[in-house]
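Quick one: this structure, given as structure tokens, is what I'll be asking you about.
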Amino acid sequence: MLRVGVIGYGYWGPNIVRNFSGLEGARVGMICDKSPEALKRAGKNFPGISLTADPGELVRSPEIDIVAVITPVWLHYELTKSALENGKHVFVEKPFTANAAQAEELIELAERKHLKIMVDHTFLFTGAVRKIRHLIDDGVLGDLFYYDSMRVNLGLFQHDINVIWDLAPHDLSIMNYLLKSKPEALVATGQSHLNGHENIAFITVYFPDKVIAHINVNWLSPVKIRTTLIGGEKKMLVWNDLSADEKIKVYDKGVDISTRENVYDLLVSYRSGDMWAPQVEQTEALKVELAHFLQCIHDDQTPINDGLSGLRVVQMLEAAEKSLQNRGGLVQL
Amino acid sequence: MLRVGVIGYGYWGPNIVRNFSGLEGARVGMICDKSPEALKRAGKNFPGISLTADPGELVRSPEIDIVAVITPVWLHYELTKSALENGKHVFVEKPFTANAAQAEELIELAERKHLKIMVDHTFLFTGAVRKIRHLIDDGVLGDLFYYDSMRVNLGLFQHDINVIWDLAPHDLSIMNYLLKSKPEALVATGQSHLNGHENIAFITVYFPDKVIAHINVNWLSPVKIRTTLIGGEKKMLVWNDLSADEKIKVYDKGVDISTRENVYDLLVSYRSGDMWAPQVEQTEALKVELAHFLQCIHDDQTPINDGLSGLRVVQMLEAAEKSLQNRGGLVQL
Amino acid sequence: MLRVGVIGYGYWGPNIVRNFSGLEGARVGMICDKSPEALKRAGKNFPGISLTADPGELVRSPEIDIVAVITPVWLHYELTKSALENGKHVFVEKPFTANAAQAEELIELAERKHLKIMVDHTFLFTGAVRKIRHLIDDGVLGDLFYYDSMRVNLGLFQHDINVIWDLAPHDLSIMNYLLKSKPEALVATGQSHLNGHENIAFITVYFPDKVIAHINVNWLSPVKIRTTLIGGEKKMLVWNDLSADEKIKVYDKGVDISTRENVYDLLVSYRSGDMWAPQVEQTEALKVELAHFLQCIHDDQTPINDGLSGLRVVQMLEAAEKSLQNRGGLVQL
Amino acid sequence: MLRVGVIGYGYWGPNIVRNFSGLEGARVGMICDKSPEALKRAGKNFPGISLTADPGELVRSPEIDIVAVITPVWLHYELTKSALENGKHVFVEKPFTANAAQAEELIELAERKHLKIMVDHTFLFTGAVRKIRHLIDDGVLGDLFYYDSMRVNLGLFQHDINVIWDLAPHDLSIMNYLLKSKPEALVATGQSHLNGHENIAFITVYFPDKVIAHINVNWLSPVKIRTTLIGGEKKMLVWNDLSADEKIKVYDKGVDISTRENVYDLLVSYRSGDMWAPQVEQTEALKVELAHFLQCIHDDQTPINDGLSGLRVVQMLEAAEKSLQNRGGLVQL
């Protein structure tokens, strides 16, 4: 039985407590929040769990094996470091840290202490992303051409970060997981209209072998859109995360290229066939993710969303930030 | 009665002939195409119109007042120039020319000869774009923040141009028409997967006063999408050109910014109200556009899509091409 | 402070407990279910509330002012009667009773005892239905022509009732609320394919002044549909209850009728204008409904969904059942 | 080469002329309309075809092998009879005739003269209906449970017929074609709001083996809906005729029924799997239909939409009319 301490009981914290509580092999032993109101809510929803306003008490407690850091990003480094130093495994919100140097230090520390870090890139554990990964692994799509995602809505303006740090980590972690190769460079553009932080931004990421990815994030959209196009040589798919029943549609559409003898021009011919919407697993992604963490600790395995994968996302965020300041200059990764 | 000669009877030419024929004040006197098969089709569909395989015959004919150049872009300069030199007004396909220098020369020539040029940016004459322009002119949207368009489908690969030259002219002309201010700089990224010409590309355009525009064009999408988000200070709209009945939806949604006394943070509050889909004029855009051309010739007025507006689009295409080669460097306009 | 006892802690019961608990002016004092497992869940979710397996204990308790009967329909009569006899107000699931005679007896009993009955036709308290009622009351739609509802999905087969008793009460109560006039007669058709109870059925209801209503209910549909068309002389609307943001769309469409002098034929001309999606209140309908019940008890007013309105629905269900047996004969109401 | 004479050049006539003209093995020799304006349009669109205002001239012409009767329904009987008497095959608009007696007489006459009748139930030749028929024939859906169609829009009010005679023939012919068995009885309800003819109506048709069909037709709907649900034992499908790319969606959803030993209740368990949208043939249905007619004449075969199938639709329309007058009484077929 692994005992979990959760730091941060705001919007996302209650989901962490509820899901760890529901898993065999874990129980939540302590909840920490500096807000008395948040602690009161925690006590009402989960009677029987110890409460504290002092994260130090939590990370030092001998009754805790895993610390979940569910706080704003600027607290991740400090809290994760202190948890690791006290011998705890750490589950930490995305983005992993505020910069790459912090992430590297934490990864090194965890390795030295033989502890696990999992960064909460929840989307990797949704039925949709797992299904797409299977389609790619099974060669259904063929060689990939592009990943193009639109993630916009009338959103909560963050006071400390821009729309890229808020929304892009989802797609960055997903594309790293799906495309498998290492991104080479990126370009980011965007604009801030209201409070000094960019509220609309566009990122292009160049991968090897002509694979290209693009992310469109926007806090000022009148409608919510969560749509990703993935184009492959053999098939192409549309993932609409807002669709209740048909999240993934796989199209037997594509282009075949050939050359005629003695002719310059390439011949491009089109294929157009059936569409197919595979059933997608409905289990709550967070539950699957936390179960994976428990399993990795138990078996001494590396989570697919370990510190290193969290670091890669932070590196891309930093690069995007740099490109954004240059109004779209190419930044090597 | 203005007499029209149409050069090029491929995919789009028949629509030009049909629409000019349907307008009072014009009739089509001659059709030119070098393909005997195309001329045969023209003769069958429009008996009574002279046919020729020689564009020289058409542009020199004293029976012709307007020359419509409906050919691939690399022929636009030569044919338009020759028509102007022979004293004809010119209606020319978009993009206007293959480079800005050609466009400038043609504009100068037309001015000298007191002739009109109209570049076929048909979209400006759709009910949807005219309605959006009215909404902007009437202040319904307030100050504009962004224009974000997605224009993707499984498309015809062009042998001589990339997806930007094929699809982006639509959005570039529309944004120039709607945003009214002069674009300052742009960034383009993209990739070619099949025949050496980019088949997927993303353009960010910076306008004054923090207005930003973005275009996503793709020939390799499994689904057809024609959706533009336009965000304003007061209201925001979604234009879905594929919707039969509700092409434009105006949302009473937005963000209000205020500052509390003695407090650093800006307060961002949300508005969310009714949605409204104004009825959109259904008249065929090409018909409205050609009628506008006849009217401008008659009244000696400047078309909204004159040579200068065509030149601005060509300049942006050239800039996008340059940025694309640099994998996303900023190019001043 | 009104004290509530809830009988039945299956699928819907927890929502009743949660919503009464959240309202000022009420608290849940006792929960009853004959299943030990249900009681265990209740105890876990709502510590501090008395539990019992004996409904008699609950209805007789002097600590209870309101009894909520959240059980299968065949238990409604007995439990409601016993609660009323013990001087409790009653909130009872829909349909009110298994037949009209039972409903009439209960209404008479409640009146004699000066107690309130509310039948849980939750839909009347949704933002959508309240908005439609306002549109009708304000004359926006003009005189009504029809109400046409489709309510289908791959549904839970009930063992004791058919799809009409399961799904039609929603639309019957809504149409009674919206159309305001008294239904005159109805016709029902349908078929049972699997377990002897009809799983697909269609009901037509005739109202005065040529108003007609139609309900399509189906447990064997591959897709979930919850769409109602309401046609009025001035405007028409579509209510799609599954739409997240645009549940109600009001169309400025319609038909005008005139007669030309000396001419037999009526002239029918069409109007087609803007569409408008009013914002719809998002508050949980059950919360609004229960607050209305508390208010009615407090002010000695009649709920809009009182026993009489519940009786009208039961009468229509009985008539539909009768018509169904006759494969569609007209049954007067 | 079969020579066609077309009587009636209103809304649909031009499509008949165009499609016969485009087929090998046929040419249109004469067009008849009593309106001089219609004849003028015909002459302009199809120069070289003889024109007449006298149907007698057309049906007696020795230059004509097939007469196409594209007129209002009250002229079908007279014109078809006269064409058959003159030894012509007849292609006639739906509904076949104004009553069943007329249809029977025409069928008998055609048989006696060894001539073919085809009734223009165009929908049977759409890619969608042919695909659904294949799915049924191949056993993909299993035994059928129901056919449920909604066919509504803001429609053209007909002066001489109600919405059932206008819109229901589509679904009646389709269901006869797909369900294959003979309908046993039907029930129709509806209402007339404006000009004395019903503008909204609902028909339930009982087929053998518990198969049930339902049609919802409405001229006063603010939105256009063309959606049919077809439920089978193995799979179920949704046919949305307004969808550009995904007209048919086949759902691997359903219900399995079993009985536990010693237990009354049937156990109903749900299946829910992938969805699949087969590609649907895009060829214009009318072209496929007319080619089928030419082939049937050439090979002396019976069209799938012969006089008999047209008669069955007329019988159902008459029965629906009768039921409608009785406000929903069951009418045996």
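Order of writing sets the chain letters: A, B, C and D. Residues in each chain are counted from 1.
We take it that a residue touches a chain if its C-beta (ideal position, glycine included) is under 8 Å from a C-beta of that chain, and two chains touch if they have at least 3 such contacts.
From a predicted model like this one, the values you see are computed outputs, not experimental measurements.
The interface formed by B-C recurs in A-D: of the pairs listed in A-D, A-B or B-D, only this one shares over half of its residue-numbered contact pairs with it.
When each chain is reduced to the average of its Cα atoms, A sits farthest from chain D.
Among the pairs A-C and A-D, the greater number of C-beta contacts is found at A-D.
One inter-chain figure worth recording: chain C and chain D are separated by 39 Å, centre to centre, where each centre is the mean of the chain's CA atoms.
One inter-chain figure worth recording: chain A and chain C are separated by 43 Å, centre to centre, where each centre is the mean of the chain's CA atoms.
Averaging C-alpha coordinates per chain places the centre of chain A 53 Å away from that of chain D. Shared interface positions of chain B, i.e. residues touching 2 or more other chains, are given as 223, 245, 272. Arrangement of the chains shown, judged by which pairs touch: all-to-all, with no pair of chains left without contact. On the side of chain C, the complex with chain D involves touching residues 145-146, 148, 150, 152, 154, 157, 159, 185, 187, 189-195, 200, 202, 204, 206, 210-212, 214, 216, 218, 220-223, 229, 231, 235-238, 249, 251, 253-255, 257, 265-266, 268, 270, 272, 323, 326-330. In the complex of the two chains, the chain B residues touching chain C come out as 245-246, 252, 272-279.
Across the complex, chain B meets chain D through its residues 47, 223-224, 242, 244-245.
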